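Each of the two complexes below includes chain A, the first together with chain B, the second together with chain C.
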Partner chain A sequence: MLVAALLLGVWTSAGAQTSTSSIPRTPDGKPDLQGFWDAATLTPLERPRQGQGKTLTPAEATAIERAAAERRDRGVRPSDPNRKAPPAGGVDSAGGVGGYNGFWVDRGSSVTSINGEARTSIVVDPPDGHVPPFTPEGRARARTRRELANTFDDVEARPLGERCLMSFGSSAGPPALPVMYNNIKQIVQTPDHVMILNEMVHDARIVRMHGPHLPGSIRKWLGDSIGRWEGDTLVVETTNFTNKTFFRGSSENLKVIERFTRLDAKTLLYQFTVEDSTTWTRPWSGEYVWAWSEQPLYEYACHEANYSLEGILKGARRQDADGSAGNVGRPR
Partner chain B sequence: MRATRGARVFLAGLLSAASLIGVAPAPRAEAQAYRAPRTADGKPDLNGIWQALNTANFDLQAHVARPALALRSGPHGPVPAKEVLALGAVGAVPGGLGVIDGAEIPYQPWALDRKKENQANWLARDPEIKCYLPGVPRATYMPYPFQIFHSDKAIFIAYEYAGATRNIYLTDPGPPPVESWMGQSVGRWEGETLVVESTGFNDRTWLDRAGNFHSDELKVVERYSRTGPDHMQYEATITDPKVFTRPWTIRMPLYRRVEPNVALMDFKCVEFVEELVYGQYRKRPLP
Partner chain C sequence: MTARAWIVASAIVSVLVTAAPAGAHHAFAAEFDANRPVLLRGKVTKVEWVNPHAWVHVEVVTADGKTETWMVEAGTPNTLLRRGITRQSLVPGMEITVDGYQSKDLSKRANGRDMTFPDGRKIFMGSSGTGAPRDGKDPTEPPVR
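Right, the complex of A and B next:
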């Protein structure tokens, strides 16, 4: 207990600690968050094992990183030209028909480490490292959405990522989570705005410093973000989400508080708290670090070449005609 | 008013002639007189939400108003095509004196034929209809605002239309690794003017709703110059040896959106074109 308290103390003072260090600063003296950042991490959102603690031992962290490196090495080997076709219907949630090999996947090469502590999960509150249970309303909404995503009758039923409306996996956020690829972000900072570009679906989040939120009648896909500085930490509060924005079951009542703290030249600490009492039984929080990247972003023109969505819907119509429906619609 | 506007067009013609014979056009009088507020590193501050206010997106060239973008022959002249008929006056094209130097875009003969064909098949071919990324320079004069983020380290443009974005590299990263809709943009300062060179385009964007187009050899050199507290002069010189006989230039003022509560809105038009693009694949297509 004492150890846990000490660790918690270290965590909550992370922002304050950096105020004396020599982080880059903008001409107006604020921490300079600008540049390209890589949000990839091997640390999952939730703790993989029940009862697991918050931190990994160095040996555990090394084992995870080594296993990831081996997976990556295996994944980039040339495919066997004589391999057999995958089973009908695929073998995993992505279909398992060979869509992604190691060339595509970039989950990073290390676990997230904060103040020298390698982490088992991004979620730190609740303390068990798991997203809290749904409220009955949240559970019902998630079920409805899951069932809808299992249908192919209308384009609107397909997930937002498939429709190129939003990044999948909350890559852009808020809150921004690491996903299987395209984890690079660009931050541009002026005295009045902070712009956070997410590579996937080229979503530019525009954070207005200070000022009131937009009227409640104006809802935005990525919400309306207002920023303020608390010491050396940029705090961003986002509300006004659309009722189509869907963060792990969230509703339009979602409120996200993000905290961006530049720990050093190479590290940005990203912390978030999500609140939606119509969805979860309590607010919950997570944190992980973004690593400085020399890699710029490239254009993610998704809709312009969304042959897949046409294929998915056309395929469903073909199955309707053949009476062969049944092999599609694996739950995500 | 008409005389003044005519004089401006005439002036633009003179500037064009000057550029043709290799003489750099003189900076506009306003640009010389006006000294913009500075960013921390002493550059003219381009921050803000800006918008063009003209008919360039309808047609870069001078044009009179016409009944619709898609027309068909009527017994006494063109009338709106069936697909757009219900829009009435809302679907009409407002006239404009054009934004190009000279009277016409210098197409190669084959390309002029293609442009006319594009215009005749506007509904099927204009990438704006399908909410595709607008390309450059079209992104600038789409009828939507855009926001420039300008710090001492970066210049970035977010466009409301389709959520298009451009990072303006301030250090040349080398040749574009792959072609793209918005290209790769590299900026530099020439005195009071931000000069942006963009290359690495695909051949799928258009320049307006009139079928004006380019190839993947497009190169665009844009010049952004503050001319007043709420105004900026914008010029773009378009080079494409596959399509045009020579480089040509468009010029227009950009206006700051001065509303106190102005903010870029969502215009994720992908959602709005789903019925057009995918409606035919519904299990029960709408009647």
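Right, the complex of A and C next:
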């Protein structure tokens, strides 16, 4: 209860500093959240350094953004035309075989900034900017899931993202987090429903306004979301998850509260609190902004050409056959 | 010979494959073999601009004169579309150089760590808002989150 009161205090103060008088509105007077939004940010979920404060100085923010731009520029420099094949045994942490080249990655070009404060992390509660520890049950569940992720004998054991059934990294959420690319979302809004369409794997979240939750016997991969307006903020509560999807180790007991506030024509403040007492030792919260996108959301059509899944399964079969199965990769 | 090609397959080196970063669509380490590096030079025969990964087909000629068609895995095309890259940016007939690692099932597939024109220029350069290449060449690159 104390935590909830503190969180409410944080949000109230954030909202109090925000003038929303000039934002677009729907015919019924509600804030119009519709359009395309880009959730990419250079601000990480958790604070990179222990003891680091909540905000970055302007100089620190500029340095992070400049470093990202410089990495990008290095990434597009010509390669050695006479280069040889890369070294046997691999080159980096992406399982040794390299990951995406920079031109396929889009993490955005700026840190998240709320009410003029550049942020060190998306997590704002606990105040140290870190996800709280697992409960013993949560830790055991995470261990079991890691073991399952190394199973290649059953296609249904592969992660939902790898199977193109859902986006990876909680891109759609709830709660929605920025990932390495495809961070565009489209919001469509009526008085009765709000849809949040996610570009990656076209995950569509349908929020029913003002309705009660579905009975506990009805569970959904993206949970059951109901919405209400608190002033100019859309508040969405999601429960009724399954054990097939999980957010950073959560269980089907997960409850997510999201708050969407259009700060101005170009900025949407996205805040969330997650609660699952069977997973974490306390609830935790985060916030970052989504930027108005002039670019539309593109079709994803992930399943039709998912040769990667076929390659992963065939690779494991091949290694089983030749006795080198101990060298199968370790997916996330 | 329409294209020159070198294919370098490595000796067998037993390594402990480290965890792939969370956040990618799939585990590169599960699909490709760190012990089978390849360098492919040849002409593009087809480009599949598809999700979750684009695939570039390249015809290469091996050291013993045999022609092989390889499929090279790249990232999601949506990011490139958003930057104005179109299907005309890479078309059949263009010569490219790719280095990467062969798939574990030993088919003629590889991941494209670095995909360039023969003179080394990046095929998809000139974009904005990109991150660093996670190819181990940049020691300052941040971990994938």
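In this section, the second predicted complex is superposed on the first by the 290 of 332 C-alpha atoms of A that agree within 3 Å, B and C clash if a C-alpha of one lies under 4 Å from a C-alpha of the other, contacts with A are read in each partner's own complex, and residues count from 1 in each chain.
Rule of thumb we're sticking to: contacts are C-beta pairs under 8 Å (C-beta built on N, C-alpha and C of every residue); 3 or more make two chains touch, one makes a residue touch a chain.
The structure presented is a predicted model; accordingly, all values stated were derived computationally and were not measured.
The partner of chain A that touches more of its residues, comparing chain B with chain C, is C. Once the two complexes are laid over each other on the shared chain, residue contacts for A:180 go to chain C alone; chain B is not touched.
In the superposition on chain A, contact of A:142 is made with neither chain B nor chain C.
Of the two partner chains placed by superposition, chain B and chain C are both touched by A:317. In the overlay built on the shared chain, the residue A:257 is in contact with neither chain B nor chain C.
Once chain A of one complex is fitted onto chain A of the other, the partner contacts of A:155 are limited to chain B, with no touch recorded for chain C. Of the two partner chains, chain C is the only one touched by A:67; chain B is not. Applying the stated contact rule after C-alpha superposition, one finds that A:235 touches neither chain B nor chain C. Once chain A of one complex is fitted onto chain A of the other, the partner contacts of A:131 are absent, as it touches neither chain B nor chain C.
The intersection of chain A residues touching chain B with those touching chain C, taken from the two complexes, comprises 152, 164, 201, 298, 301, 304, 309, 314, 316-317. Contact residues on chain C toward chain A in their complex (touch as defined above): 6, 8, 10-11, 13-15, 17-39, 48, 50-53, 55, 71, 73-76, 78-82, 97, 99-101, 103-107, 109, 111-116, 118-122, 124-138, 140-141, 143-145. Contact residues on chain A toward chain C in their complex (touch as defined above): 40, 44-45, 67-68, 71-72, 74-81, 83-109, 152, 159, 161-162, 164, 168-169, 179-182, 184, 199, 201, 295, 298, 300-302, 304-309, 311-312, 314-319, 327-332.
In the complex of the two chains, the chain B residues touching chain A come out as 40-41, 47, 131-133, 147, 149-154, 156, 158, 163-165, 167, 169, 173, 177-178, 180-182, 204, 263-266, 268, 270-271, 274, 277-279, 281-284. Interface residues of chain A, counted against chain B in their complex, comprise 26-28, 32, 34-35, 152-156, 163-165, 186, 188-190, 192-193, 195, 197, 201-204, 206, 208, 214, 218, 220-221, 296-299, 301, 303-304, 309-310, 313-314, 316-317, 320.
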